[in-house]
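Got some structures for you, see below.
In the two complexes that follow, chain A is the common piece, with chain B as its partner first and chain C second.
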Partner chain A sequence: MRSSPRLFARASKVSHETADSELPLTSSSFEDENRANESWDLGESDAPLQVRGLTKAFGGFKAVSAVSLDAVAGQAVGLVGPNGSGKTTLINVVTGVYRPSGGSVTFKGRDISGMPSHRLCRLGINRTFQIPHPLGDLSVQDNIAVAHASSRSSQVNFDADPLQFVGLESVANIQASFLTSSEQKLLDLARALATRPDVLFIDELGAGLSTRELEHVAGLLRQLKDAGLALVIVEHLMDFLEQIVDTVVVMDAGSPIFRGTLRAAIADRRVIDVYLGK
Partner chain B sequence: MPDQPTSPTEERFNHENKVGPHTRIARGPTRVWGLPSRWGRWIRRLAPIVLAPTLLGFAPHLYNNLSFLTTMVVYVVLAEGVNVLYGYTGYLPFGYVGFFGAGAYGAALSISYWHVSGFAALAIGGLAAALIGLVLSPLLRLSGAYFALATLAASQVIYYIVANEPWTYGESGTSLPEIFNANQAYFVALGIMTLAIAVTVFIRESHFGLSLRAIRSDPVSAAMAGINVVKARTLAWFISAALAGLAGAIWAIMTAAFYAESPFDLTISVYAIVFALFGGVRTVLGPVVGAVVLYTLYQYIGISNPQYFELVYGVLIILLVLFLPGGLSSLIGHSGNRPRWLRFVTSRVNRAPELLSGTGQPIPHPRASNQDLGGRENGRDGY
Partner chain C sequence: MQLFQYAVINGILFGLFFGLIGIGLNLLFGVMRLVNLAHGDLIVLGGYLAYSLSTIAHINPLWAIPLSIPLALVLGFLLYQVTVPRLKRAADTETASLIVFFGVSQVLEAAATMMYGANQVTLPSLGGPIDLFGQLYPSSVVLSAGLSIPALGVLYAYLYKTRLGLSTRAVMADEHEAIASGVRVRFVATTAFMIGIAFAAIAGTLSVYMLGGINPTTGSALTVTAFTVIIIGSLGNPLGTAVGGLLVGLASSLTQAYATEWTGMVPYVLLLLVVLLKPSGLFGGKVRRA
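== the complex of A and B ==
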């Protein structure tokens, strides 16, 4: 069981090198990556969650290859890239839905790669889902209660009632499957917050929301960031991201191609190529 | 180390006082059954545990056929076992009879070989079924129809082993004359039923039950909410297996002499599932009512009109599936659980005066009515 990730790690390293030699652009981006890491890590020990060279292969297809990422308390990282570039897969690997094929994830100095979701939750890592996953048979309140039983003492300065925080307290007694899809997204967020996480992955929370709802959600995420949570936000809506994130990582075909501020990203040649074609 | 995971309950108590909102997350309504919630909740917990055995305890005075009554109570236990597994985890155990048979043979063989007392035999029967549950627990990796069929096949495997091995008296059948006492067996069966009901009440009321319902809704979300999905499912599976084992053990003690085909008869699985569904799963008393009503009917038609027995039973099940998929228990309780035709009828009956006088307002959106019933009465059971 434990040997398979290592096996894949070796394989991934080989192909990663070939990828470099074939694509000079990508290889230069890896140099960027190293430079960028030094500039925004604020020292390795400060980032509670450190993803290093994470790889996930499904058969011969590499959905995520050699991605490194730091989630720093009180900061938000945007994870952007075209559809199919491996953003959600990255979240799934880090949050225990899939086992990684290579690389490592450490949380507060502890190796957590391949750890099951419920243990990650109790360590302080949580997420929302791109397609909302409400506990449909339960009332909204019970959705929170069930997660709250796994809550932990956290250094994060956030102690609001999750339902009030996201603005769902008026529907607390409704069965969760009756909520609209944007309400279900907020419920996902509230349920994640009820476990009192230190690191929160937000997977396209903004997709499909109205302008007013987007403003509301951006405000919520900024508050969470200010409270000291480490956020990793996957999003396609750049205006929305700009309000929240400190840095972005742009991914393409499973690999990171750019790291830096969002402003620099949208001016970057490679990023433009990825989004608009050469 | 601050990030060392401790038990969730411990954690909750740790910052219960520091953080206000946690008290607000407390579940449940302020009043239960019209009583202040603290008393109401305890009455609601204890009522089925006390009332059901008490009422059935008087049954021999009404109809003194202990063999029938004991079998009925055995079916109540089996229906509750199906309720725990199917109602709370969504796994339909078609081969549930395997646990029943394992319990029956665990009890019978322990009496034959070691001459243990009746109560020890019960415990051994329950353990034997739980052991079979342990062996079969990898089946929980399957889901839906695959799980149902795999348990069915597993129960047949156990049956063929038991029916053919000499050490299980496969050819001659068991006989336990020394232990048989019909009157005692009935009250022991009632005791096992009380245990089954108590277990179901515990599951309904506890965080464990809430976790199981969460897993049934969405295993990925449930895991992300900190629930150990595999552990909770497996625990429900063991509980369900042990209940069937206890039922099988008391059945073996009551029946005393039997061949392997009797406790491994697949109709036992089918009846247990039908009884549970007829009464309504995910309730405490639904399976009890379902088993009592349908098994009595079974007995009644079986004696008066045996030629129509299958017909009446079949039609009844078809009607149930079509018009009452939530079981009998969906007729009472929250209107959100009621079948749509019944909600339609009750809403028209309630609004008859205004509809007849032509001053009626349009029927509210279903969600509005849910909001009303959930918010007003009971948030917990509004599913």
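== the complex of A and C ==
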């Protein structure tokens, strides 16, 4: 009796390693018989941020259902899926906007499930918003200064000036409410970077940007990845995503239905069914 | 011309004081969206402290200013802990806070009546009149207005020159964005609340001089004046409050000089005009959202 947990641990580790060779980042949350090997129990991993079996229910509606995800330093995961598939809700739960209904989030071995956003920010987890709300009464510079005030010493090799990095240094002294919507999106990214995160969630940064702006932003995100940040990117624009991500997780109705490269995802039957209908 | 000059200087003196009574109220509204209907009564509480020091302890009532600050900070902390976390959970914080602080206001007013009676209390004059540009003004008025300037300056320095002040302005601009930037909103809000109450206490001592005396119902009148000042100058904007105070002071003083019977009405006509012509207040800006 005594040795059984130990045996179990060993067995799960083996299954994790096999899964690892095929899917470097994550495995599915589906407890489907066909994909029994994609159990959500990833076992141990050295990814700094580990999401395990995360569930968020609003009343009887499960917006996010048993999702597991690893954010690995120097890698980018794309989170795709039709509208309402739970991508933003997942980000909101992980970054402390909502409390999870089940499952766990650990960061560097510490359980951070349900921790409020400002504390996560100080630990090294931040996000950008689908619709940015800059501090409109403050100058662009002061928006960054607010975030700087809560920055931390990060292990990530990124110490560029956030405004220069995103290319907003020429409007640094302008009141933030006067920025165009794409400038507000860049400011939101700079704001998140000023807190010096290890893990950064990007929620539809590309939506509404012009082709040139998209190229610029894709370049920025690649640089962040190379600097060692762990990125999780929610996006509908596949061409944009292809330039950045290593793998994607496709979600439908709150659950992941596919994990792998973006190329493989586009060819996958289940993914096509979700997007185009059966 | 002499009358005009007198009215303008008198208006500026009162305007500085009005700015001071508005600033604490605006800090509470700006940071936490709290409608503090008890603001005037908290000011009067500070006034009664000065009165007690003078009559019971027989020391200079101006000592009430340094004494009332730590007391107000403690009172502010307790009042925050009791009311604000619950108010923030309410579906409509602004309306709920209006009702709660109306209750606080009534309690303070009743307590003041019990302790000090319904009659006006006054403080002895601080000395002879002071000459400003060739005309004489009561020394208590000049001194009170003069003390408003460093008080407003201290708040300005706090908001614009310190880190915590920057975080405070961030919370004023957008609470959720501030949270995303790592600002500890609860700490910032508690501090702002305590400072707001401390400013009410400072204004309290000065109010006895500026108004010639206080009684338990003075608080409600001061609350109305303070709201007029901050709405004219824009809710949530501390610089606007100083300007709003000066405008209300000048408007009252000029009407007092030229059309005395209209004095009670003019500040509110000014308020109506501002609300009709520029509903966000003189310093309220439009915000463009992405």
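Annotations
To be clear about the criterion, the second predicted complex is superposed on the first by the 234 of 278 C-alpha atoms of A that agree within 3 Å, B and C clash if a C-alpha of one lies under 4 Å from a C-alpha of the other, contacts with A are read in each partner's own complex, and residues count from 1 in each chain.
Following the convention adopted for this analysis, contacts are C-beta pairs under 8 Å (C-beta built on N, C-alpha and C of every residue); 3 or more make two chains touch, one makes a residue touch a chain.
Because the structure is predicted, anything quoted here is derived from the model rather than measured.
Considered on the superposed chain A, chain B and chain C are sterically incompatible, since they clash. Once the two complexes are laid over each other on the shared chain, residue contacts for A:G124 go to chain B alone; chain C is not touched.
After overlaying the two complexes on the shared chain, residue contacts for A:A149 are found with chain B and with chain C alike. Look at A:T195: by the touch rule set out above, it reaches both chain B and chain C.
Which of chain B and chain C touches more residues of chain A: that partner is B.
In the superposed model, A:P116 lies in contact with both chain B and chain C.
Of the two partner chains placed by the overlay, only chain C lies in contact with A:S181; chain B stays clear of it. Once chain A of one complex is fitted onto chain A of the other, the partner contacts of A:D137 extend to both chain B and chain C. Touch criterion not met for A:R52: it reaches neither chain B nor chain C.
In the superposed pair of complexes, A:R99 makes contact with neither chain B nor chain C.
On chain A, the surface touched by chain B in one complex and the surface touched by chain C in the other have residues 116-118, 121-122, 126-127, 129, 133-138, 142-143, 145-147, 149-151, 175, 178, 191-192, 194-195 in common.
Only residues 2-3, 5, 8-9, 11-12, 14-15, 18-22, 24-27, 207, 210-211, 213-214, 216-218, 220-229, 336, 367, 370-371, 374-375, 379-380, 382-383 of chain B touch chain A when the two sit together in their complex. Looking at the complex, you find that chain C touches chain A at residues 163, 166-167, 169-170, 172-174, 176-185, 237, 285-290. Looking at the complex, you find that chain A touches chain C at residues 116-118, 121-122, 126-127, 129, 131-138, 142-143, 145-147, 149-151, 175, 177-182, 184-185, 191-192, 194-195, 208. Residues of chain A touching chain B in their complex: 95-97, 107-108, 110, 116-119, 121-124, 126-127, 129, 133-139, 141-153, 155, 159-162, 164, 171-176, 178, 188, 191-192, 194-195.
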